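Input: structures, listed below.
The following pair of complexes shares a single chain, subunit A, combined with subunit B in the former and subunit C in the latter.
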Partner chain A sequence: MAGAAAFVEADNAEEIMARIETKSQKIESLLKHYKHVEALKTALDGSPPKTLDERCKSANWIVVHRAIMAIKDIEGMLNSLTAEYYDILMKYLYRGLSTGDEPTCEQCLMIHEKLTERAGLGCILRCLSDTTNTV
Partner chain B sequence: MAVVDVHRFAESITCHAWSPDLSMVALCPNNTEVHIYKSLSQDHWERLHVLQKHDQIVSGIDWSSKSNKIVTVSHDRNSYVWSLEGAEWVPTLVILRLNRAALCVQWSPKENKFAVGSGAKTVCICYYEQENNWWVSKLIRKRHESSVTSVAWHPNNVLLATTSTDGKCRVFSTFIKGVDTKDSKAGSPAETKFGEQILQLDLSYSWAFGVKWSPSGNTLAYVGHSSMIYFVDDVGPSPLAQSVAFRDLPLRDVLFISEKMVIGVGYDSNPMVFAADDTGIWSFIRYIGEKKAASSGSSYSSQFSEAFGKFYGSQSKSTTANDASDSRGGVHDNSITSIVPLGKGGSPKVMRFSTSALCRMSSPDNNHRNECYISTNLK
Partner chain C sequence: MANSLRLYLACIKNTLEAAMCLQNFPCQEVERHNKPEVELKTSPELLLNPVLICRNEAEKCLIETSINSLRISLKVKQADELENILTKKFLRFLSMRAEAFQVLRRKPVQGYDISFLITNYHCEEMQKQKLIDFIIQFMEDIEKEIRDLKESVNTRGRLVATEFLKQFITNDAIYTEKLNVRHHSSRFSASPSPSLSNFVLRRPGELLQIPAITQLQIENFYGLGNVI
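And now, the complex of A and B:
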């Protein structure tokens, strides 16, 4: 904890890309089975915030985006999401809002409203102030 | 039972400190002066002194309890030590050798030194040189990458914790030959070299504020601007750190009211209580004001919430002044910038504390509370 942060992720960008590939396949299959929440959780898991590689971040974003757009029941989804996911989900929501693409923004805004109710302003704060771990 | 006394001294209070007998309070009403008020009765305060020496806003005040000296630091890069001679406060300039504003100050537990955090990425440790009748400042120039927002002394009078806007909390040794005596059972040689960094904590990704040591010096607590509060137990070669994320707006300052309970104050205008349970896990308990306790969803779960609910369910809050308290249910209208204990420094438990806030109906308030573990009489 103190001092150098342990880089659990492999520094190798290729390895991360490969992992994202397998993740996206898993998510596709989960979505086919209407397991939307599972899909989102899988997408958010292992998000590579510590890599500086833009490609990895973009690749992961595409996967998360897919899962976010598939969500229909927001309340239910947030009910089954545990607290650790709130912060990372919020970061992806802001990334979604920054795209300016209408359906994405609409979906992201709806989730944002509900998520803020649950997680509070602190969650947004953590998103905004964290410039080292961006998504 | 938490009882709150509210006193309005000014539009906005930058910082404040209490006299040793708690009858007087020195505060900066967001200008270049320090006003000292004496309490004549429950609600009646009389302004006794106005200390005017600084050219810019006074950013830190500390009043030593044994030697009865006030130290003030200001954005004008100066510091004055005020001594009461007769009925007047006489200032002594302390040349800090800073080229940026001084942000915070604290007397050491033995009151023979004081530490000043500054925007010049340095910490000044000032001590009194008897031969020259002069306060000398020694700078810790290394390590800090940005402004030092807060300083806190360990009970052993040598270790100093600092927080900075680079997000890190550091512990330094401020051993000064001639002022500090080498403790025979003291730690490593690093602890006896001035300016030596003992520990650096890299828990926060954003600005860090408000560091404090627990009464025994075993635990450190500080806050990050990302609505997080960090607790570090067993500060030393292998510390145990915990990050607690909470729902609402960030905190600015914290106070240990006992070894296992911390009050945080900040942008929510409502002090928050954090406590450690028996296993040593810290978590958010509740707000002090009449506000529904936040869900423990965002902080790691605690078994305490229910127990506290029973004790504080019948809380009655009486305010003496009439503020338009907003929907948050707190007494302050705007963000609270500092929290100061009322009582002898170094005592293991704090029964009362005061908070001061910015702008619009800001006021320091005394908050009396009964510790729920031990039944003691209110002072």
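And now, the complex of A and C:
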């Protein structure tokens, strides 16, 4: 049973990597057209990848990171983002804050403040307590 | 710069407000024991995701929560060697008196400068908001304290060097070059003395064995002109 699950995992990982590849290409084209919010939504779709594979998570993180760093107008972005994206965005913000890279951290801190105002402390707490779907 | 500090502290404050939901939870393994689960990490179901909030490579804050306890570890910005030493000594001084602070941990977590351990008992005795305000205030004050310590060390160094090297200044040097005799802080009330007869080692006409050093050269000799 465990063996079968591991096998499914490996297959799944390849699939997910492929999906992330297509996602990243789509996001690049969206960013070229200055559609930052759509790019972020596309990046957050299908996240977090339902797998324990670190490579998938890292690949997904890179894609989301690209979309987050391209955002200039935070208020507008949060206005057009629906509530279902708040939790997953918060998880990626914390991942961004743990990197220690200065521009990433600055951007993530700014978005974090605005997002907390909107989504409240519950969003943070869901992010902390969700040990199964980590990013 | 100030804005990024404000954002950093706001983020930590919000995270702490969300994470500080602690309740009493007796130990599951041993009867009649009550241990802070975040320290032991024996049961994964009792632990929440640890969160690392960095402002840049030098400053970060690690927040680990569990059902009955919360651990906050801070790494303070240390720009140079002197600040490194001052921070280590100062925070060690505080950590050794952890009893008085109640929420301080005696040893910082590996990789950090100082750690706090807040348990459910602290939350019962003290107000949660006040605890969070204390931590944030602590973070602000630490920076200021280290800066003040560094400034006082540099001031003392400059004064000591000036006083010591004044004995090598000659009369001629004083009155030909314009000297800026600085007024230092009140701890060392050094007033500019027009007659430096007690410092002059040679009388006019005597062979000079010690080169005349001017005030400006004193500053540059110790590299004290550009400190802080």
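Going forward, the second predicted complex is superposed on the first by the 122 of 135 C-alpha atoms of A that agree within 3 Å, B and C clash if a C-alpha of one lies under 4 Å from a C-alpha of the other, contacts with A are read in each partner's own complex, and residues count from 1 in each chain.
Heads up, the rule we're going with is that contacts are C-beta pairs under 8 Å (C-beta built on N, C-alpha and C of every residue); 3 or more make two chains touch, one makes a residue touch a chain.
Small disclaimer: the values here were computed from a predicted structure and weren't measured.
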Contacts of A:Glu106 with subunit B and subunit C, given as first, second, both or neither: second
Which superposed partner A:His65 touches (first subunit B, second subunit C, both, neither): neither
Contacts of A:Thr131 with subunit B and subunit C, given as first, second, both or neither: both
Partner chain(s) touched by A:His36 [first = subunit B, second = subunit C, both, neither]: neither
First, second, both or neither for A:Lys57, with subunit B first and subunit C second: neither
Touched partner set for A:Ala83, first subunit B, second subunit C, both or neither: first
Which of subunit B and subunit C A:Lys23 touches, first, second, both or neither: neither
Partner chain(s) touched by A:Ala119 [first = subunit B, second = subunit C, both, neither]: first
Subunit C-contacting residues of subunit A that also contact subunit B: 121-122, 125, 129-131
Contact set on subunit B toward subunit A in their complex: 199-203, 205-207, 224-228, 239, 241, 245-250, 294-295, 297-298
Residue ranges of subunit C in contact with subunit A within the complex: 4, 7-8, 10-11, 14-15, 17-19, 21, 44, 47-49, 51-57, 60, 65
Residues on subunit A engaged by subunit C in the complex (per definition of touch): 94, 97-102, 105-106, 109-110, 112-113, 116, 121-122, 124-125, 127-131, 134
Subunit B contact footprint on subunit A (complex, rising order): 1-5, 83, 86-87, 118-123, 125-126, 129-133
